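Submitted below is the structure of interest, expressed as structure tokens.
Each chain carries a letter (A, B, C and D) given by its place in the written order, and its residues are counted from 1.
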């Protein structure tokens, strides 16, 4: 089965610093893959390289279409969605407005039709609002519909950002340290949501520090250290791998 | 405050205003009509300019340039080509839109303050061009414009012009409200709020930045054409630096990034000078105190403050239908 | 003629350099571009006029008092108007500086009304003749004073500990606060210093031009052109840009056409920012999407 | 709602004033309302001083019993030299204050913006201080200009320069705006038609410019016999100062915009102004004997703003013409009668202006000539041709 996401010798050079050097791995459809590593290991840089936010060498394939070299919104259009560590949501818009913006790819009212509020525009707008409400209901947060995102907790924001990202069916969801600032209850909720998405066939790429989330949710773990791929395998395998322990904790015993 | 109360207040206010404005030609004298017409023109200018500094959130000083381009393009077509009035009016709007797109290009590469300075320079350059436009633009002495005909109706005196200007203003505001509530408006706001976040949702930032400038040019040029129509004359003196700062202040005072905000700002700052005459320097000091007060205590402008009081008044970027 | 143009270009450029320098100092250290700076320069000239002409003070005392009063004005503005909104978006701060420019212009117009005030020239020893070139005492004073001020300024900023500290703090106010710099005091000093420079520029130029409330507007745009030409936000660039702008403006007026002189600064801004935004000394601040 | 308040106030006002006007708009049993507009604020606020002399004169007339038993009531509006504001000001005067006649306008651009409207309403319009020739050409039935316009000023300067023995090389400096152009073009025209020569140098100066070295050097290189300048007051002073600074020692001629005594005071350097001649419309210098009567009048009846100078006095001529026409229009004046009387005004000597004013149905430019003010051996003197005693 062709992998959903395929990285071949991906490297990123920042004026003399090789933040990511020659990383290759695959992510299968419906698979949750976590990327972990000490601070400065190049996790976020790799993440941004895949999404087109940073220029990188090497090749990145999504269902064997080449992403490298494309601009951010073009990559997004192929079905790659992401959340941001912070500043991803539009704070001065309400929850439902954020989600409707997420529907940009599927519900795009042209300028003139929108300006003159033609019937076609009205229909598409109404449909977009209905679809957004459906999604919020699915995520169990329909009651927050008219609330400004600025007034929400980080846990609620995280769920809404995922809802917005998946407003249009996506093939790959990239999460940039989603568990940061979440309560344990919220992490468990996030865990179930990710597993549900994977069951629907969406591949998930996760950059995360909170190890118990990583260990419980991911099917595969890739460990980076100073830009290079150190290890790859199931959470259990990676847990015992001496090289990982060495790099991570400075000794070989993970208590 | 339930949302219906806020909606009812909004609807009642706009209905009252519209009834009053359309009834004005019968009741009020020439002076009031002229001030109301200027108010409409300033409303369209402020609304147009709001696309860039409100929705997109970019510091830009190009509003008087677009305003002047609209006025001069309308005048040149009316005086030199003899084409019918609607063609001249349309030419002015399109010229403004194109100018907006052109001014938008450097916006992609320049940081905030540099863009402000480039647009300020562009504004002064346009005034120099009007001054040296020779026979085409009437040069320093400006141009007298023929009175237009629209659908067989002669637009000579202020009452007829006012009705036309008011109609165009209502249509312009309706269109801007619809754009703000549909995809293009939302996209511009999201690019302004978080460029990378918008891009991650397949919104191309470049296209919508340029669209914001184009729309700003288009609507501000409409105001310019209406201004030339009302005055029946166009001269370089009308597009000075003071005019630029007045336009900027209208959007800030009313409330940036909303549709109603610039309307309130334009009405207030058109009426205020009429009540404040003959004291050298007083007008300038009033503006500075007004601005300082707002910036310190109500930065989101009059309408922003109003929305804080009545949350349901807050505008949605949703549903062109509602 | 060429020599005379260059000479007066340097003298004119010195004023642009000073004003551009004052604005860049504030911009570099507090990221605030002061759109009211032209009118601050005008207010400085008027305050100097009060001390020198109305209070009949000797030149030196009047100048010092003017600078002191203007620093006070700068500190008050920073404390009451800028600090409360320091954390808010640039748009609001820019609009506040515009409000300040309206305040200064309105106040000056109200006090001095409609007329234009002449200023006595500083020293009345006769102009110096070099070949057929004329160098008046006033432009000599301007050039010398500007040069001295720039040298003192650069040595302070680049070589003294406090100066380096200020440059570092300007890059990240939050970082500066973390390492214990009293950021509010620091920004107040920067406002005071920047307004002082405007006052000095006002004092130097007052005798050459006549005083009227609107003399600040043109100077503001010329200073913008100098900053853009030299490299936006770069201290050395501001000075270099000012002098080069002054000279090229005179040459353009002399050899191309005087009507082009009016829009010369705008052409410079448009050309530089559209072709090479970094300017002569600036580092490129182009943001990639 | 803010707007609601304005309109209801306006409607009430309109109704009130409608009641008043029965005989002729702006005329009641014991008052006659004159509307004035001038730049009281903004960059050209200095020209607002034209209103001082006019209001003083009207106050004096009221103190002496008014005109045919009616007192003159003045309403002053500010136009800040901006076309749109000028239109607002005159509309307020005409439709809200319903004045009998308008006496105002100093910036040509502002006057041109209101000219068509006032003509359509057939409101008698006495120009206060605007000099643009386009005011009276093409002629408007209701617009009268008591002051010499830009064409007259330009021609006076050219003729005066050419009256200097063996003068062949003239140079000119002017503002690129409407006011400057409406003097530059007639000057060039007259020099070509009458004297068959061209200007040796023609430079422009931006309004608000503080340094004009290139202009001065270009003028100096062209070695002119006489230099003509069409500049506003501040710029004229800067020009005279820079000319002296860079050794341009040709005689300098200034135009109607910048009075002689004010310019000398502003330049504040005697040897810079020793060879200076400035166009002069008044009958004498503002501190001279001929004007002392009027200066006293302003002090007594008006509100002087600093030392009384040419600006304060220049408007009085127009005010005298208005009062004269009101007297002749009889006990119940109408606008038509008022205009008719003005059209038949012949050689009316105002005592303020240097030449008598006469209007006719097809010529509303009142004064066709002017003199040059200079100082001859220490004393202010108004001359028609080049003084023999001077080089």
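By our rule, a contact is a pair of C-beta atoms (placed from the backbone, for glycine too) under 8 Å apart; a residue touches a chain by one contact, two chains touch by 3 or more.
Small disclaimer: the values here were computed from a predicted structure and weren't measured.
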Identity of the most central chain, Cα criterion: B
B-C or C-D, whichever has more C-beta pairs in contact: B-C
Inter-centroid spacing, subunit C versus subunit B (mean Cα positions, whole Å): 33
Whole-Å separation of chain centres (CA-atom averages), subunit C against subunit D: 37
Whole-Å separation of chain centres (CA-atom averages), subunit A against subunit B: 41
Interchain centroid distance [CA atoms averaged], subunit A/subunit D, Å: 74
Contacts with two or more other chains, residues of subunit B listed in rising order: 132, 199, 205, 279-284
Shared interface positions of subunit A, touching two or more other chains: 71
In subunit C, residues with contacts to at least two other chains: 109, 113-114, 217, 259, 262, 289
All pairs of touching chains, each written as two labels joined by a dash: A-B, B-C, B-D, C-D
In the complex, subunit B residues that touch subunit C: 53, 57, 59, 106, 108-114, 116-118, 120-122, 124-125, 128, 132, 195, 199, 205-206, 241, 245, 248-249, 252, 256, 279-289, 291-292, 295-296, 299
In the complex with subunit B, residue positions of subunit C that touch it: 27, 33, 81, 84-85, 88-92, 94-96, 98-100, 102-103, 105-110, 113-114, 213, 217, 221, 224-225, 228, 232, 259, 262-263, 265-267, 269-270, 273-274, 277, 285-287, 289
Subunit B residues within the subunit A interface of the complex: 3, 175, 178-179, 181-187, 189-190, 193-194, 196-205, 211, 257, 316-321
Subunit D - residues contacting subunit B, complex: 1-4, 6-7, 10-11, 14, 40-42, 45, 48, 76-78, 81-85, 87-88, 91-92, 94-96, 107-110, 112-113, 116, 120, 132, 134, 176-178, 180-182
Touching residues on subunit A, where the partner in the complex is subunit B: 51, 53, 71-73, 76-77, 81-82, 84, 87-94, 96-97, 100-102, 104-105, 107-111, 113-117, 121-122, 125-126, 129, 146, 164-165, 168
